[in-house]
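Data first, discussion second: the structure below is written as structure tokens.
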Amino acid sequence: MPDQEKYHEADPLAEAGTEELELQSAVENRTFDLGTMEAQSVLKNERQQDGPGTPGADDRMAARSLWQDAWYDLRRNPVFIVSGLLILFLIVTALWPGLLTSTDPLRCDLSRSQQSATAGHPFGFDNQGCDVYARTVYGARASITVGVCATAGAALVGTLLGGVAGYAGGWFDSVVSRLADVFFGIPILLGGLVFLSVVPSQSIWIVVAFIVVLGWPQIARISRGSVITVKQQDYVTAARALGAGGVRTLLRHILPNAVAPIIVVATIALGTYIALEATLSFLGVGLKPPTVSWGIDISSASDSFRNAPHMLLYPAGALSITVLAFIMLGDAVRDALDPKLR
Amino acid sequence: MGRYVVRRLLQMVPVFIGTTFLIFVMVHALGDPVNALFGDRAPDPAVAAQIRAQYNLDDPLWLQYVKYMGRLFRWDFGTTFSGQSVTSLLATAFPTTLRLTAVAFVIEVVLGIALGLLSGLRRGALADSGVLVLTLVVISVPTFVTGYVLQYLVGVKWGVVPATVGDQLTLDRLILPGIVLASVSLAYVARLTRTTVAENARADYVRTAVAKGLPRGRVVVNHLLRNSLIPVVTFLGTDLGALMGGALVTERIFNIHGVGYYLYQGIVRQSTSTVVGFVTILVIIYLAANLLVDLLYAVLDPRIRYA
Amino acid sequence: MATSVSSRQTDPRAAESGPVDAPLLRVRDLHVEFRTRDGVARAVNGVGFSVRAGETLAVLGESGSGKSVTAQAVMGILDSPPGFVTGGEILFKGRDLLKMGSDERRKIRGSQLAMIFQDALSALNPVHSVGWQLGEMFRVHRGASRKEARARAVELMERVRIPAAKERVNDYPHQFSGGMRQRIMIAMALALEPDLIIADEPTTALDVTVQAQVMELLAELQAEYRMGLILITHDLGVVADVADKIAVMYAGRIVETAPVHELYARPAHPYTRGLLDSIPRLDQKGQELYAIKGLPPNLLRIPAGCAFNPRCPMAQQICRQEVPRLFSVTEEDGSAVAGRGSACFFWRETLRG
């Protein structure tokens, strides 16, 4: 009787689980931050969904119902509504700061240095005697611009490189994956300190470019992973068997289904990029005056925090709420796109 | 197991070369160290040439990199322009940062896992929601804000612990910076632990452990937590990079003369050898931590070990 | 009067008229419900059965019939929340498990009452060696040392005929084949020689050839230790060879109980008949295979009356109005058939038709 079972030990199916695991490495699989963590849960659950009992193999239908269901869930999620409205408000503030204040953030009066709130100046004055309220309102522009542009850039580069790498495989995949490893080898704050300190210009676009350069691998990994997952699913094989070409398969069948985890990471990354910009500005290597930025204001307020805490607390509060809004939005979107939680 | 280790080591080589080269290029290609050395004064051409020769600055970039790496392997990180050897700077700075990081790391591991376990086991309960909200707030408020506020409240206003550290690296002075440095990572660890614990709590093997009649503590520690910690350990290893990056900020707030302080000085004075030396060491530590995590992963998960 | 009878669906005397020695396990009128976001799913609605030492009871039913939930409630491993035992009693050696303290109950689990799970790969902890997991039973319940526990683990592995047990004791679950893993599962349940084992679909995940070997081993060990065995399955083929008696479950109720051969020869419930008719048979080659029409009921909305009525070919008006209790099944001359019961108003017609 035991001899009969020897056969099963050689059974390739018995090892199926371990084969997949062999490819794993802690470092390849690592969860770097909230965004990656969230997206991996979306990915994992998409995989699980591919089990028996999942009705409907038509990918377009599945995609539509996933997004429709997500939208249905989101509209009823108070977290989504609150963070969404907050972000809308922040974007409006970034575009038209004049709507909220008529004071010029750059017109300062040294005689009012560090004064606390008075009528018409609800947040008081900073070291240079500038209006803290006006500076806080105008600071949204730098943060939102950096966050949105850097995320858009990193998402574009990352999705493209990661998606093609995952779809094509082979040498291109190896090159992209190793390249991503190299950029990942540099802790982002350290890289920022070195890179931005040697670049002479301190324009907002340099900071955006830097974040894209060090941020794309995160998105690329997620996009590569989800493309590989989706590629192996039955409906893609079916599309291929029916004679759909490579580009068509990628655009019509794979991308729409791989994009959910990317959106989740990107949303949360947006929040962390805003925090990153502020931290770099705080360290003196990000944005420089006369650009109005929360990071710069917090940095210059930090020395006199004990005497005039309002100078630090208002921009810091605005910064924290902005980051929180984007992370909460990402959280809500993750919950809505996660099939297991539904 | 052996094959696995070798493969990981081999994969580490191109990443190591690529990363260090990237840093080398960033620093060298984008600034002129000799001009920076002289500041506003115009450099004497002869002296400048001598310095260039001494630091191989006239060689093509890749050759400079190769020469630099060659010296690096002999534990020679060059000297700063002021004549101090980078190695001695490293020797002063690293123990300080290491201590700070160690304190932060312990806080992160102990508190993070405890909070995550608590909230994962009581999913949906008040404690769980509390932990979720708290971690979200901690993640959203940038470290330097948390730092200043905590320093002001705990250090100045309430006077519980000294507000700045300076050169005295006693535990009571390091505990506040440690908490600040650990805060964001701690929140991630708590959230990650919560997710994996909640996921594994429904796993079949946990049900088996209960059916075996094991006491609840044993089920939680030996079966649930033991399995849930695998991704957490992975995160902790890679998080070391973030901790060291965060140390730059924390050291500045609390006036600690560690890596962040010297690195910052090097950047301000454009001392290439200091910057490249420090960053290279940090990257090596980071990569080594990643390798260690890979090995630890194999120890923790036998399915990897025998693959 | 009529309502009280219908709510207490199980008449224990109907199923229980054999020898007088006290049963090892007696479940009476067990109710389990799951409180979910969509409503309360009543998974078990008044189940009763008993098992004696050395006896094998097969609990048969489709997925969702409540058979696994019953087993989990008996073991005390129900996920709670959302699952709650809302009524009934579970008498194990004469004591009600539901009234015991949690620590007392835990000590019984594993040592006197053990369970074998369906999928051994996921039911065994992937990060501990099988030797460690087997030895844990001795270390926790018997206070054995590491070394002792290991030696006992090797013995156990030999007992369930795992070749080269000594060399493989430090291997991990994923390094074993499916059949070998299930043997380890069995060894773990057997470790402390419990009085009763509940096997929840122990062979479903295995190849057909291995299934027979594992069942054979289980039956052999059961006879040797004179344990009670509750075999939970949806597979009529597995049951026939090993079970002494069968309880058929549908929508959280026992709809028929019978000694195994009686049930196969003369089912007394239309559902059992449907199950038996849907087994492919060689002598009916070429004919269309019978299938019970319709789907199992949604536990959130169990049909009024007999839960099977929407799918039943014999359903009458009364079936849609009143829940049938478990009637004692008698021969035509009125003499009782030992251990037979059917929860069908028309059991006579079914039995003879």
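Here the chain labels run A, B and C in written order, and each chain numbers its own residues starting at 1.
In the analysis below, contacts are C-beta pairs under 8 Å (C-beta built on N, C-alpha and C of every residue); 3 or more make two chains touch, one makes a residue touch a chain.
In this text the structure is predicted, and so the values were computed from the model without any measurement.
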Pair joined by more contacting C-beta pairs (A-B or B-C): A-B
Maximum centroid distance from chain B, chain identifier (CA atoms): C
Central chain of the complex, centres being mean CA coordinates: A
Separation of mean Cα positions, chain C and chain A [Å, integer]: 50
Separation of mean Cα positions, chain B and chain A [Å, integer]: 21
Whole-Å gap between the CA centroids of chain B and chain C: 54
Touching two or more other chains - residue numbers and ranges from chain B: 301, 303, 306
Where chain A touches two or more other chains, by residue: 17-18
For chain C, residues that touch 2 or more chains besides their own: 174
Chain C to chain B touching residues, read off their complex: 75, 77, 79, 106-111, 114-115, 117, 119, 122-129, 136-137, 140-141, 172, 174-175, 188
Sites on chain B touched by chain A in the complex: 8, 11, 14-16, 18-19, 22-23, 26-27, 30-31, 136-137, 139-145, 148-149, 152, 156, 188, 191-192, 195, 231, 233-235, 237-238, 241-242, 244-246, 248-249, 252-253, 263-264, 267-268, 270, 275, 279, 282-283, 286-287, 290-291, 293-294, 296-297, 301, 303-304, 306-307
Contact set on chain A toward chain B in their complex: 17-18, 21-22, 24-27, 29-34, 37, 41, 178-179, 181-183, 185-191, 193-195, 197-199, 271, 275, 278-279, 282-283, 285, 298-299, 302, 305-306, 309, 312-313, 316, 319-321, 323-324, 327-328, 331
Residue ranges of chain B in contact with chain C within the complex: 202-205, 207-216, 218, 222-223, 226-227, 230, 300-303, 306
